[in-house]
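Next up: the structures, one after another.
In the two complexes below, subunit A is the common chain; its partner is subunit B in one and subunit C in the other.
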Partner chain A sequence: MPDIQSPLAAVRTPGRFGASFDAGPGITLSDAPLSGLVQIAGWDGFETAVKPALKTLGFSDAGDFCCSRQSGDATLFRTAPDRVLITGASAGDVLEIAGANAELAVLDLSHARLQINVEGRNAEGLMAQLAPIDFRLNAMPIGSFVQTGIHHIGVLIHRTSATRFELMVPVTFARGLWQFIGLNAAPFGYDVLEAA
Partner chain B sequence: MLRINCPVCGTRDETEFTYGGDATVVRPAMDETRAQLWLDYVFNRDNPRGPHTEYWHHVQGCRQWLVMERNTLTHEVGECHLAKEAC
Partner chain C sequence: MAGQRLKQGGRIDRRKTLNVRFDGRKLQAHPGDTLASALIASGEMIVARGFKYHRARGVYAAGSEDPNALVHLRTGARHEPNARATTTQVFDGLESFAQNSWPDVRFDASAGIGLLSPFLSAGFYYKTFIGPFKGTRYWMFCESFIRKAAGMGRAVKINDPDNYDKLNAFCDLLVVGGGASGLSAALTAGRAGADVILVDQDFEPGGSLLSQPVGEASDDWLEDVLLELKSLTNVRILTRTTAFGAYDEDVYGLIENVSDHLLAPENDQPRQRYWLVRSKQAVLATGAIERPLVFANNDLPGVMLAGAVQTYVNRFGVLPGQRIVLSSNNNSAAQVALHLARAGADVTLCDARPTLPAELSDPLLAAGVTLLTGKLVIKAIGRRKVNAALIVPVDAAGRATGAAQKVTCDVIGLSGGWSPVVHLWSQRFKKPVFDDNSGSFIPAELGRETVKCAGRMVAAQTLADRIASGVTAAQAALADLSLDAVDTSVPAAPALPFDTGWADDILPVWSVTDAKGKTLGKAFVDIQHDVKLTDIDQAHREGYVSVEHLKRYTTSGMATDQGKTSNIIALARMAELSGKTIPQTGTTTFRPPYTPVAIGALVGHEHGLHFTATRYSPIHDWHLAQGAKMTEAGAWMRPWYYPDGSETLSEAYRREAAHVRQHVGIVDVSTLGKIAVQGPDAAEFLNRVYINGWKSLKSGRLRYGVMLREDGYVMDDGATACLGENDYFMSTTTANAARVLAFAEHLLQTAWKDMKVHVTTVTDQWAAFAVAGPKARDLLQSVVSGADLSREAMPNNHFVNAVINGIPVRIHRMSYSGELAYEVYVASGYAQQVWNALHAAGTPFNLKPYGTEAMGALRIEKGHVAGPEIEGRTTLNDLGLNGFASSKKPFVGSVLRGREVLTEASRPTLVGLELGSAQGAKSGSLIYAKGVAAKGHGEGWVSSTTWSPALGKYIALALVQSGKSRTGEEVQVVNHLENQTLSAKIVSSHFYDPAGERQNA
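Up next, the complex of A and B:
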């Protein structure tokens, strides 16, 4: 299988950009290919139909619409009443069992999304400029996620720590989003890390 | 700016949604032969001043179709539920 290349390879320039502060830049930007990403969708009775597939990864059910679930290296997002996303290297383990169920529609999306990481003491401030969501820690605690739009592009934003957000973005829009995020990060000062 | 209470995602800004049309329109039976009923269904819409039942699509969120009550005079948003659920 060919390696998945980052769509940012031609535009990502590691280094320090934007405003300069004594405390250093307030933002660190990086990207990482998703080690695995599988979407399972269904119709009425989805929760029952998807249970055996989720069980193989250690999830007891499909979860809820605001908080991710973790099991080993797999992360589960309930993105709609009849749809879930699973990320992580083991996500592909569900392809066979879920794919064998005619009540489910299974898609391997590993090649279709890129993860952009926004981290730092000003991460909340930057995110507030990007999307119309309350990103304060009490409104969006660690482990929660939202599906929203940045620059009119649908993204999934997952908070993994008080100062870190992971954005799952479509690879076809990744370059435009990367540049848009960089423009908004400039007033905070930001570092761009080498490719993962 | 409207704030829409998506039953899946919670309260979100209107910018995440697209308007999907009048939710009170009912398609005639497929064997209906009266042209006026099809004309009304396809082209003619009321333009109410006040409460209105509408389809909205949460296109940048959960991508679910919603049925929402909105007051066209005040923009006040009322009850909102998934279109696939019974009213």
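Up next, the complex of A and C:
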């Protein structure tokens, strides 16, 4: 299969932008296609029904609504009481087993989202400009995630380190959101990395 | 004498002089000055003109309450109208200009309007609206002149080059106000470990302490507290930041003037930043605003608030005048008098009270202050500035009781008491209560709330009281936060001379009149809006009782200062005239913003290209590279047409549509809404939301469906494919994708909670291209593998999984254009590769892209309905879709579609129009029978219109009353907006290939 084309191909310009500080830019922006993204949904009894599929990836249960779970290259997000998202190259491994269960609805969404990474010493400050969420470390510790809106577009924001947030954004809105994030990042100074 | 800079004193840096100009004249300005202090220091007495009468106005106050000193700042795209000189921090290169005056603020040609003042009294606008002639024509005539004469600054129509940021912030405690009480509250909470945000609108924290002489003990207190606060990492201090709004759920709106004190923003910083703060607790320590006294000519340049005079002397080292008369009814003016006398001014203090206690009078007399007790200023004398004050003995109501005396002076300082700044509190809760002790409105006791108040805002009088109230408020907030106040020993209050406050022994006089209660000339209550005391009197005479009505009738308190210095005086006058107390009269409602907020700050980056989020197809850049003209379709950008050379839209779409009919074309339909419908009850769900049946649809098939709203009108249409027993792929129109998804979610979460169905948008997952034309099959068959696209193997309404260049695709056979057509669905990340492969394979077939305009032409020729027909007012029968509706099952809208009003035979129904003219009809044109007058709403309307390349004429779709029975009738097509009347013949909406032979080929 060919490489997945990034929706940012024409607007991502690697380099340094915005404010200049002795300490260097406060933000680094980058993007990466999701190597896999699968949604599993169900109804009453979802937690039991989904267990076998999750077990194939090493997850013991469907997780909680605030913190992601990690197993190998797969990351599990409990996005609703009857719904989970799994990212990672191995996410597709659950398609078959989950798809065989009529009590589950399985959906490959690996082309539906782009991951935009916001990283740097001012990452919290930039995120505070993008969404009405308390992004400070004590309120949003490493591993936690939220589903919210940036520029009125639904996104999932995952904190993966003290200074890094990974945003799952709809690919058709990614281009505009990327530019919007860049405008907000300018006062901090920011680097744009080459395509992953 | 005009104002002058003192040789010493003040919190300015005399070592550096800044280049600051007003109307081109260079001002004497130093770092630490405001524009107002620089104006006074430079002898600029007249800095503005009145809103209505164009009377000369000078600097009146020293803070955001100033009603007069509104100016233009900067030039070009950074021009800013209605800037308050009193809160504008000077910077090198600042250019300022008077506004609302011509040719010059000193000699304003419009000043003669004052002669018309008898005709411009309260209610002028309302009276003008209703007469003297019938209708509003006279008003419209007058309005143009009024608008030119009145008003304030002028905005420019040039794009603002600066950026404005928005920021969401969270904290345990928001402290509003950086005066003694606010600082004490922040320190108390900060020491306890609370996450504190302290905001102050000034560029330097300290509040009224900054108005004390430099080097006094208050400076030591301030320095100690600030030093400790700045050392606390859990305390954020925001200066130049105004809390303008307090909202439910403890949300506060702040504006931080990040770069307004600079010539232009530097290093990519925003000009302003809009903070939305969500705070668990808040301490409001917003201080108090001094009240003036109202008397004749009280708007003359040189009339100022007494506390402001003190501020200019002590903070900015500027003496506004050499001979100063203070007119007061309370103790707070004593400190002002003392400081002015020490600064070298010749000071006369008039006090309405018959006597002053010796602890006040003795030091004042010792300092050389002339005391006139039992007396107040009744009139300011002077033509363009104050040169004397007329002083009279007064009674407790402010009425003259004896002969007047004239005292030569150049400044009259006023103190009629103080008004606590209760705006934010009132925005959150309700109207404040009147405190008889202090003669002011203060917050009511509400019990356990998330907002605590402190300092002058609750009429705390002495510095020690204000510090203590800040500590107490913070302690209460900490208790509600379940935090312990570890150390409440905020540095003790320093001793200040005459630290009396205003409340003790205040004599609540509001205006000064003659013995009959009349002023000796124009006496302004609301100086910014030119509302006079006589306007209040007139409103009372005309029967106004409610203060809310009084406000709107007289416009008192409705200008940019929102009546900060005038509201209570208007209320007091109203109370006096109606024989009520002030509490009985009440006060008006406070609403955000406390001070004006630039629209740009509220907008942030959401303007221009980012006004709303934009959606792009995965092959957007290919379209651009081909020179496509793009058009907005909802949130999407879509290729409108692909001009060949200098082709116009009309030429291009005709060529593109004709090419599809003759050869093969491809159009990007990735914008179609796509929804995964999954679950054991998916077929039943579709059965309910669509009018037609779905339970018999087999895997590998797709079906056109129509859905109604609950009220029976058509909502959307599209095709849905059965991917598996529990798995369906629904497509919707581009415009209604979000609406259909929300509609489905709504039903599943309310009416049909027991259904085992999930709906998920997959619009982003899948790109789609329609390949249409007689050669479509040949082209696709040449490039796909793993699929037989022959007519026999893949008839209409079937789909097949296939591979193009190694990439999995799904090919649906269906036609929107009326030609042999397929839709190719591909995972969006591979869209460009598949699109490229199709084009490469399409060369021998003469494949060409076509845009939305040609796509529209093709579907109109075919008579397919789209958004212009499914527009919320049409029924199945109107659109000729009744045949799709199942009579064997209920569906959403199935009951209400049978309402009488929706089944009337005369309803407009879909027809085709053939125009014999050389012009096409405009969408929205009205239909009238031939020979009748084109009046009223007509008998229908044109919904879609195009030139038909296939028929070689203009055609249109229209909804016409009893349309189906009028085939062959000639009608008028009238475009009232452009005075266009065309003749058309009603025909079938299926203009082209009605038997469907081409699409079934």
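By definition in this document, the second predicted complex is superposed on the first by the 194 of 196 C-alpha atoms of A that agree within 3 Å, B and C clash if a C-alpha of one lies under 4 Å from a C-alpha of the other, contacts with A are read in each partner's own complex, and residues count from 1 in each chain.
Definition applied: contacts are C-beta pairs under 8 Å (C-beta built on N, C-alpha and C of every residue); 3 or more make two chains touch, one makes a residue touch a chain.
Quick caveat: nothing in here was measured; it's all calculated off a predicted structure.
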Check your understanding: Does the superposition put A:Ala195 against subunit B (first), subunit C (second), both, or neither?
Key -> neither
Practice item. With the two complexes superposed on chain A, say which partner A:Val146 touches: subunit B (first), subunit C (second), both, or neither. Key: first
Exercise for review: Please work out whether A:Cys67 is in contact with subunit B alone, subunit C alone, both, or neither, and reply first, second, both or neither.
Suggested key: neither
Practice item. Have a look at where A:Ala102 lands relative to subunit B and subunit C in the superposition and call it first, second, both or neither. Key: second
Review point. Is A:Ala32 touching the first partner subunit B, the second partner subunit C, both, or neither of them?
Key: neither
Point to revise | subunit B versus subunit C, judged by how many residues of subunit A each one touches | key: C
Practice item. Considering only touches as defined above, state whether A:Pro81 meets subunit B (first), subunit C (second), both or neither. Key: first
Review point. Does subunit B (first) or subunit C (second) touch A:Pro132, or do both, or does neither?
Key: both
Review point. Which subunit A residues come up in both lists, the one for subunit B and the one for subunit C?
Key: 132-133, 152
Review point. Of all residues in subunit C, which touch subunit A in the complex?
Key: 163, 165-170, 267-270, 276, 278, 605-606, 609-610, 612-618, 620-621, 635-636, 670, 676, 678-680, 726-727, 756, 758, 760, 762-766, 806-807, 827-833
Point to revise | Residue ranges of subunit B in contact with subunit A within the complex | key: 8-10, 12-13, 15-16, 59-64, 82
Review point. Can you list the residues on subunit A that touch subunit B in the complex?
Key: 65-66, 79-81, 132-133, 146-149, 152, 154
Revision key, fill the gap. Subunit A residues touching subunit C in their complex are 1-2, 4-5, 7, 9-10, 18-20, 33, 39, 41, 43, 82-83, 102-103, 105-113, 128-129, 131-134, 136, 139, 151-153, 170-173, 175-177, 179-180, 183-184, 186-187, 189
